[in-house]
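Next come two complexes, and both contain chain A; in the first it sits with chain B, in the second with chain C.
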Partner chain A sequence: MSKQSPVHFHRMKDMPSTHLLGTGTPMCAGCGGLETLHTLYDILGEKTVFVNAAGCMTLLSVYPFTPFRGGWLYTSMGSAPAGAQGVRDALDILLQKKKLSAEEDVEVVVITGDGAAYGMGMSATSAAMDRNLDFIYLCYDNEGYGNTGQQYSAATPHAAITSTSKGSHGYPGYKKDLFAIWAAHNPAYVATVIAAEPLDLAKKIERLQSLSGPRMLISLAPCPTGWDYDPELSVEVGRLAVRTGVWPLKEYIDGEVRHTKIPKQRQPVEDYLRLQGRFRHLFEPQRDEAGIAEIQARVDAYWKRILEE
Partner chain B sequence: MFRIRFHGRGGQGMKTASRILGSAFFRAGYEVQDAPRYGAERRGAPIFAYVRADRKVINERGIIDHPDLVVVADDTLVGMPAAGVTQGMDAHTLMLINSHESAEVWSQRLNTEASILILAAREDVADRASLPYIGSRCAAAAAALCGVISREILIAAINDELAHLSTDVIERNCQIAQTAFDQMSDQSGLVKQGGSLSAADYIPPEWIDMPFEKAEVSNLAIHAGATSVKVRTGLWRTMRPVIDYDRCSGCTWICSTYCPDGCIDVRADGYPEIDYDHCKGCLVCVAQCPPHAIESIPEQTAREQESGEQT
Partner chain C sequence: MTAKLLTGNSAAAWGARLAPVDYIPAFPITPQTEIIEDLAFWVDRGELDARLVTLESEHSMITAAAAAASSGVRAFTATSSQGLLYGMEMIYTVSGWRTPFVLVNVSRGLASPITLESDHNDIMAARDSGFLQIHCATCQEIADGVLIAYRLAEHPEVRVPAIVNLDGFYLSFTREPVDLPDASKAAAFVGEYDPENLQFKGNTPLSQAMAVLGGGPYSYFRYETHLAVERALSIYDEVIEEFAATFGRRYDKIDAYCMDDADYVFIMLGSFSTKARDAVDSLRAAGNKIGLLRPRLFRPLPAALLRQWLRGRRAVAVIDQNISMGMGGILHSELATALYGIDKAPLLASYIGGLGGRDISQQEFFAIADELNLAYQQGAAPPVRLLYTRNEMTEMRKLQAIAQAEHAEIRQAEGKS
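And then the complex of A and B:
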């Protein structure tokens, strides 16, 4: 794949104003994951082939409909990076045999939800990074198995109510640090992104286009259906995830982790939690001071560590 | 046997409505089946749920083809063929529509022999915060119309099915259900139970037999890109975002970038345009536009305005 970045995203006005991804997909109204995907596709362009693990986004391409202008391959939840390896190998063989010109080559892009990325697909992803596979991986992280009714996953945050953590305190576990796990493999690039910060997202996509090898994106994907808020709040919820420090925007490149957006004055986490039905039990019928304070303390501890480094 | 179908949009609580009614029948001593059917399985997309209830063992399975009662939570679905609201309705069917319009208007419009009743849509129906309660209203109205479920049993069934919600939400649902139950009580028993169906009467769907073909013929490869535009997800919309171009500052990116579906493109003149064939009505653009140049109006009102402009 020839590496180039023809567009430079310096300001918001540089964001694409027409869109490549076909409309008419069955994603929910207000889907935060689709918001990230359409920006990714606008910037990467048509010379892409998508390898999609089972999840919400499998429904993007239900025969004979597809929003993509190029190829799409469906895999089981655990094996999207393995599928990407097969596609990349096939392309490389065609290139080698001169049956495919360099201009005709395409970028292989894996899309999976958090169920696959944080759980079932972990070993295939780890192995793909070990083999230094030249691919892009987008995880749309809506913090649960959204397509089947929001059961908890390894990405579910502490205290969130899901359909399998319905008790009065919500999910007892803590969100897995996938960024750190992926970065520990020393791939070419790892970043956390969110569609509510489009310029940060666009710059990171542009950066990964100039690299080769495993390039990994984790996008927090606000989910009106699974997180229980009005769809029109999708961007607001995403923005608050960043401003409260719950979702740190960062990248790993050349062995270094850099935070790309450090909130100057972090808003209290409750501004983020309060908007979502999955955290309503922290505020109603009575305020769970200890529960809110614990979430705040974990976020504070993270940023204290980062700012002291 | 009672055969009841609930039609609504994902998020309006039709699955819950069928469960409440199912539980109420069960508490009243009936054998019950209740199940939802999803299409796109997405908020806003048409879904239906059905309930069978009988004093005897129920051997029927699958979708109800000959409904005794059809409850429609969202009247914009009636004209949508994919929603299949009127499927299998005949003279013995009772149809209950949550609508601002009268039964006469619907009778004429549908040209149907079925009896039509109106569950008067509340004035604040455009308020999406009230949507979750439509399920309880529909279940309560259906319970009253069947005439074999008491108020107490209905309330107990709501408490069964909504037990995971907070007490004030359950209380609110019970209040709304009681109002709907009382509203329909003078029509109590209007639903006529259908007789037992025999396999001999089964009318198969109008399937077209396809001759067996070689794989490359029968399993067509799709070479065109972005074919998803053929799917008109605009039908999911209950509220429509409308751009006021006098207020639009022509920022060229905000609504266009944040629209999750990529339904807003910026035209050559620098102003955005919404693709209403595909806009699902999430209203992210309304919430994000800095000069508040996009407002939301009920889809029904927008359509009425459009048809007014055409005539």
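And then the complex of A and C:
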């Protein structure tokens, strides 16, 4: 894929003013994943093929409708990066044999949820990075198997109530550090993003457009349905995920991790937790001081380590 | 044409080379691995203008093969046994993408217990997937079968992937003289890959493999695939005529041996049919009018042709190198379905043998022939036979005795400590 000359995103008014992705999709109101996809698609444009794994976004393209103006290929839950491999290799073969012109070439974009990215699709993703596949991967991480009713996944945060962790203490495990796992492969690019910070997101998309090889994005995807909050709060929940330090915005490039938005005065995590029904048990019927303190301590420890580096 | 001494695996690789293929997603598994080694060697030396990529699993490998075929190139891949099963989600999935490509399966028994040698339970698991299936009995048939499979799969009226099956060890590692088709003639026979409407291009919006909502659209696409696979039945004849005219070798849907006046018939798939052929020769010499049928094309199943061949015969032994737990031989079930209710239907007897590389001896073929004779005289089919000799049982009992003795020894030692 020939690399485009970058457009510079400095201010909000530099952002695309209209969306390329069609409307009327079956995504839930307030879907944080769809917001990230809008921005990604607006910037990448229609010369793209989205290779999808089973998840919420599979329902974007239901015969005979699609919101995409370019390509779409649904694969399976575990093998979207392998689908991207087949598509990319075929495009390269056709380019080499002069059966496809450079203008006809397309960017291959894997789009999966956290269920695929953190679990079933992990070996396919790891291997795509081993092979230095030239592709973009967007994981919309809503911290559970959302499409089946929000069962806990390896992306679920500690203490979250899910439909398979309904007990009074929620999910006993801890969210897996996918960023570190992906970065350990030394791909061209890895970043965490969130739609509620659109400029940070746009700059990262711009950066990955100037690179080739595996370019990996993990977008925290606030999920009104799975996290149990009013859809109108999606942007607020997203902003608080960043301002409380729960979702650090960072990127990995050339062996270095750089934090792209360090909250100056971190808000207490409970500002983030309190908005979401999945954490209500930390506040009602009585406040679980120890539970909240544990989550706060983990976030504090992370930032202490980062700020001391 | 040049005759070469080739293993079945090499013959499969030559088939892919002669098609020729553009793209080879690969993953090693015994006894298939030599196929991808040969192809990798040719790609490295520039003798084959293709791209070979090792994926991390058969599930990914089959995804990549179909995704590439969906993007406009001719793809080839190969696997065996556990690998075919590991990729089975995608085997069922990609046939519905309606992307033609060829997968060579080198048959090997399935776990448990885990083993390396051949039987047909792996390929039978793909029976209902929508892949075409061509079963080979010789190395020549493998090289030719890959070319035929591409023509059939890529035919505008078919457009589904195809599996070419060969038996692990018995064919994969056995050298036989193979007349390799001339490269330019082979390429002309297969033709250029026509992706039709399957191609991702910057200026052409296209969605593939989309979800459907509801049974109506779902059934439509499932029926479409079924009808496409069925169409391959008549198109196979056209393809095979052209192959025979070009290369002088004819591969009918069903290979028939000594069938003209046969009262009794062996039916089986794959390379073990060559053992049955020897048995037919001996039995014929002893005055038994017996013949052999070997379906080459298994999906689509040439049911009408099977009825034609079998109407009026006295008794038929279906010899399955597979076992459907709780039901028995799968080919037997298919034959029973094909023959049910026809006039002058033969008695149908079921034998299961040759599992996990176990031989089927000439004596066993003779015993089966005797049973067919008796069944005809008595007017009833014998019960299902699981082929196993007294000697095999004795050997098995010895192994169990060793295992028990070892176990007792360990327990005794534990008791002392």
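Throughout what follows, the second predicted complex is superposed on the first by the 307 of 309 C-alpha atoms of A that agree within 3 Å, B and C clash if a C-alpha of one lies under 4 Å from a C-alpha of the other, contacts with A are read in each partner's own complex, and residues count from 1 in each chain.
As a convention for this text, a contact is a pair of C-beta atoms (placed from the backbone, for glycine too) under 8 Å apart; a residue touches a chain by one contact, two chains touch by 3 or more.
The structure displayed is predicted, hence computed values, not measured ones.
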Which of chain B and chain C A:P187 touches, first, second, both or neither: neither
Contacts of A:Y63 with chain B and chain C, given as first, second, both or neither: both
Contacts of A:A195 with chain B and chain C, given as first, second, both or neither: first
Touched partner set for A:M27, first chain B, second chain C, both or neither: first
First (chain B), second (chain C), both or neither touched by A:P157: neither
Contacts of A:E46 with chain B and chain C, given as first, second, both or neither: both
Touching partner for A:P224 - first (chain B), second (chain C), both, neither: first
Chain B versus chain C as contact partner of A:T18, first or second or both or neither: first
First (chain B), second (chain C), both or neither touched by A:L73: second
Common interface residues of chain A - those touching chain B in one complex and chain C in the other: 46, 59, 61, 63, 66, 68-70
List of chain C residues in touch with chain A within their complex: 22-23, 25, 51, 53, 55-57, 59-61, 63-73, 75, 89-90, 93, 200-203, 205-213, 217
Contact set on chain B toward chain A in their complex: 11, 40-45, 128-129, 164, 166-168, 220, 222, 225-233, 236-237, 251-254, 256-263, 265-266, 275, 277-278, 280-284, 286-288
List of chain A residues in touch with chain B within their complex: 12-13, 15-32, 34-35, 38-39, 42, 46, 59-61, 63-70, 166, 195-196, 198, 224-225, 230-236, 280, 284-285
Contacting residues of chain A [partner chain C, same complex]: 46-47, 49, 51, 58-59, 61-63, 66, 68-76, 78-79, 81-87, 89-94, 97, 99-100, 103-106, 123-124, 126-127, 130-131
